[in-house]
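Read from first to last, the chains carry the letters A, B, C and D; within each, the first residue is number 1.
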């Protein structure tokens, strides 16, 4: 058993000071955040939407800089933001996913309709296991819990699209199509989610102020 | 009884998704009527209808609405629980995608009845299509003057926003949903009698009405046609009124949403969905993954109704009805259910955090051929140690299906443990079960 | 009078001699200690030993439970942390100092009972006499079992 | 939960068939203590909001129906979150409850590593205790346990063992609710949920030591105490922390005459149960090799080891020949007894009045400016608090916790004025970040904004101080109907300190809050020295004058008790010159300091853990310390050495015990009469303030000072 030495404290990383954090949000993102903050009586409530913005801005996942930036923008502690982000499965904290994230539902109805065999097919085709990314960085395959499209079981989600019912052939076709897709699906999903929360009159409100 | 399409009446109609198409079919008439009525009269109408929460617990809706303080001291919030996550349920998805205005109208009615200020629609993160549809509908409602300042000249202001989750089943629990909306980890909050009801101190400690999408969607119909008319639907049952959407999935020929009147039987529901596919009926999970499983005989005798289903040995739940054919291995199915709860447990309380993971480990061991006879007794014990001891309903929901299956299908578990492989076998079973398959025959 | 003396004094003396006389022809039970040693019973509790694992690591983890259990308060343990370079026992903790005051010890064996790893054991070595009081404080080096021969640390 | 105004404030409920009356809304877990019962708990902590996470406290609850029958609730209820109510019936020890407890403990233990023998919590672990009393004797868990990092160094002080964690959230809630730094949060969810800092970076908090104490298992342990002892090896005595002027109560754990660890001791009036890291981890000097343990006298260039008799001989000769040209200065760690006896020695034997305990740059004569009117506990209920000057979390950490509690629990408005970013900003109603040196101007502006007269022009002040006009007005608005002031005497270290403090005083008078004016002491017994009047009377010299007289050669002999002028004074040049020049220098301390090199005689003193005595904290609370470990070498309590010197020089009978000294203090200082030792058990005694006349407004120059960039 390896023991981490208590005396090895000098090399311990410390959290970045506020002035050391680079604020990387684009102008558009800052404006969106401003609009979203209008929805809630306090800043804390905007943590989830703001994490979505961050996930888009940082290329489909949340590196520690993204967490730090969200914390600073919303006046919360880093630890709290990290705690929130790691609670939800749709935020990818710490490590990037492939360009296209294939989320296969294996929960009850999909399991009944053969989702595991379907997953085996995708896994062997891409040569990766759950949670892994293909060497070319194109695909990551993840097991997700019920996507609530049981009528279309087995179902999978890529970006904001549900595909189902799918079988080995349709999956192959989908993968082929994705290969030619240029924009990363993880970023697109985050963007769609942000856009879905921005109401028309938000702009008026912000510009009116 | 045949299908009674009320909420889903215009579900297939693409025009119905826009406010113009919706109003052509009589939309927003309920709201207009409500706005002309006294606030208390609206609540009384809901009371007369006998409407009960469609999210799973079946709590009378009017009590929630009536519980909001009448003398306003703080902002009032109207919250819509659209974080549909129960395996087997997909009714809210269809309602939001195809009839978004119905739900929004219901929320505005609730807002009027309780002097609401802001409404939030909390949609699970995966439902981007729904969120887009709801957002579009909200924007349209603003333009038509059903939302915003001085609604229809009443001087009442009401705003509505879409809020998306980010992947957590637990956020479908109402207090966890509030935590999540307030930017916290989606963990449940203290409930009555440990803390005031959400109608007294909910979101940001202000009075809050929280209902399911389907519940809100019923309100316009009740207002237009009157509560008493609504109460005539499902009158054959003890205490369940109106219609309920059942999401039918699993081994059936036509999976999909079917709206039925209370009092319909499960057998009729199965018939609507085109009957069994790939074999005869073996079992049915009638109300989403968290309710106890029924065997074929119980299924054929069950009448749908909140109390009637309890008599049959299960619950209405959220209406996610899964039919399982004869090639289904109950042990594997229950293991998958347990895995779902182990993954979705928020971790707040001990019984759920440790108990769900332990159950999953035991069932996984049994499924892989390493079961011991004492595991059955142990699983029963664990279920009883979780059930009712956990912080919120998720623990109970994790225990019921396991305990239920052990009661209804004990022979399947015993066989699996004794022989190291499933009682069912064949290509169908192999198509379902995940790797590694049990060593015996495959 | 005389008969009384004979009965009360002489007869018992003769009886005593008779017994002695009988024993003269039996096997001797005395052993020639220290050249000869008597066999000890398997559960004899005498001198303490700190045991090692087969790979030479000390079993003692310095938990001080023996000191806590000791009714005579004769055990003193000071623990320290293993490092990957300098490893005495498996896991995180080892006994840096381990001392038993044999003058205080009553050989009750509670320490052995309390020990979670079976490190402190009371064995049969009973020759504990010494000349200096200080010498009765047995240190860890004195108590430790010698390294097993075939293993290397 | 707020009870409606017309409802009675107490309720009657039945616990285990015993009827008791408790305040409305009291939690069941507290109510059962009233009848001598205990509900096992893990996550519940009386000073934090209940969460009901661990489910250990499940009890059977029912309600009496109007017809007299009892309807039990179908599920067991968490006693730690359930408020007591009328007609409630609670059972804490039924078969069902025992089964539930066993179940919860079984769940908690399935993934707990059971490495109790090497765990620092072993022996004082709530999980061990609850398992023994309520838990199952064996486990039915045969799967592989959860494996996570062990012995992870979270910071210099705290070690994290995630395998042992039972996810009760106490530590997370502590950093959220009590210390406010939110350094810890739960990451991940479900069975993998773990408390940690942001990506396991350094745990930077002033109060991190407390999470070690409140952790119910060995998940958070002290890096300093790691493997140093087991609880049964330790002896524990009550003590007081001297690291700042708060006077926090502590438990002093020692083994074989050396300090092993410090834990917080409950004193509701002072520190509740918290300690700061300075107090908890900063006491290792007691075991340091730098401790002064022998008497030394100077022989030419060298200090040679000697004995008390020789030292006394030399001291008495030197000081007698110096006549009134001798002086004494004390530092913050001298006890009341030490200070009093030193004063007696100087006034009665040496005939000198050159005594002082103050080390600030400005030494105002007016006693009124040194007032302390609000007690620590009272801050909790103040609606408006004005925190002025240096970072209060740094200077008085535990007082900072009280002020934070006032905001957290009672929604107090806290106005924070500090030249740098500080912890109090996080909950401040208004934060006034002024440029260093512009204190008086800022106060003048607030004065003008609050009263409409006096002070300085707000717009002008805004440009000088760098604080927005809006903020000044907002602060003044909150303060004008009264506020409690929290400022410390370190303000007197400013060049215009007297004016700044005067401005504060004027502001309180203008806002009718002069009875809430507080200028707190900064070191452990500074307030005690002030109360004993260890200060120059009319003809005596104050600290600065003493040092100047020493430097000019006018002062012949100087006695330094428990102080290092080189670190205390702002003017090191003057101090060095003074110590070099003065003919005879006595240094009496428990530890070697830098000024040892100048000493003529070096006297060892006992540290706080080795002597009997009393200390007076910032709210004038006199608290007793008792000797815990034996004095090192030939060190003796300072008061004892003064008594012995008095005996040599005047033939006065010396006091043999510290309580005799306290009687002498009480005899000469009326206000100490309540502080005799019999009264000092428990929370200590607050002695009355000086009888001063109504505070008067003082003339103040509201001007800014140039601050050289290198001084803070």
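As a convention for this text, a residue touches a chain if its C-beta (ideal position, glycine included) is under 8 Å from a C-beta of that chain, and two chains touch if they have at least 3 such contacts.
Predicted model, so just to flag it, every value in this text is computed and none were measured.
The most centrally placed chain, judged by C-alpha centroids, is D. The pair of chains sharing the greatest count of C-beta contacts is A-B. Spacing of subunit B relative to subunit D, judged by their CA centroids, is 53 angstrom.
Subunit C has its Cα centroid 66 Å from the Cα centroid of subunit A. One simple way to say how far apart two chains are is to compare their mean CA positions; for subunit A and subunit B this gives 25 Å. For this pair, subunit B with subunit C, the centres built from the Cα atoms lie 71 Å apart. Shown for subunit C are the residues in touch with two or more other chains, namely 81, 91-92.
In subunit A, 1, 3, 5-6, 83, 87 are the positions where the chain touches two or more neighbouring chains simultaneously.
The residues of subunit B that reach two or more other chains are 168, 185, 343-344, 346, listed in rising order.
Taken in their complex, subunit D has these residues touching subunit B: 1, 50-56, 58, 74-78, 81-83, 85, 100, 103-104, 106-108, 110-111, 140-141, 143, 166-167, 186, 188-193. Contact residues on subunit A toward subunit B in their complex (touch as defined above): 39-42, 44-49, 51-52, 74, 83-84, 87-91, 106-109, 111-114, 116-117, 120, 144-153, 157, 160, 162, 189, 192-193, 196-201. Listing the residues of subunit B that touch subunit D in their complex gives 168, 170, 185, 190, 193-196, 342-351, 353-358, 361-362, 365, 378, 381, 384-385, 388-391. Residues 115-118, 122-123, 150-151, 226-230, 232-233 of subunit D are the ones touching subunit C in the complex.
The residues of subunit C lying in touch with subunit D in their complex are 61-65, 67-68, 77-81, 91-93, 116-117.
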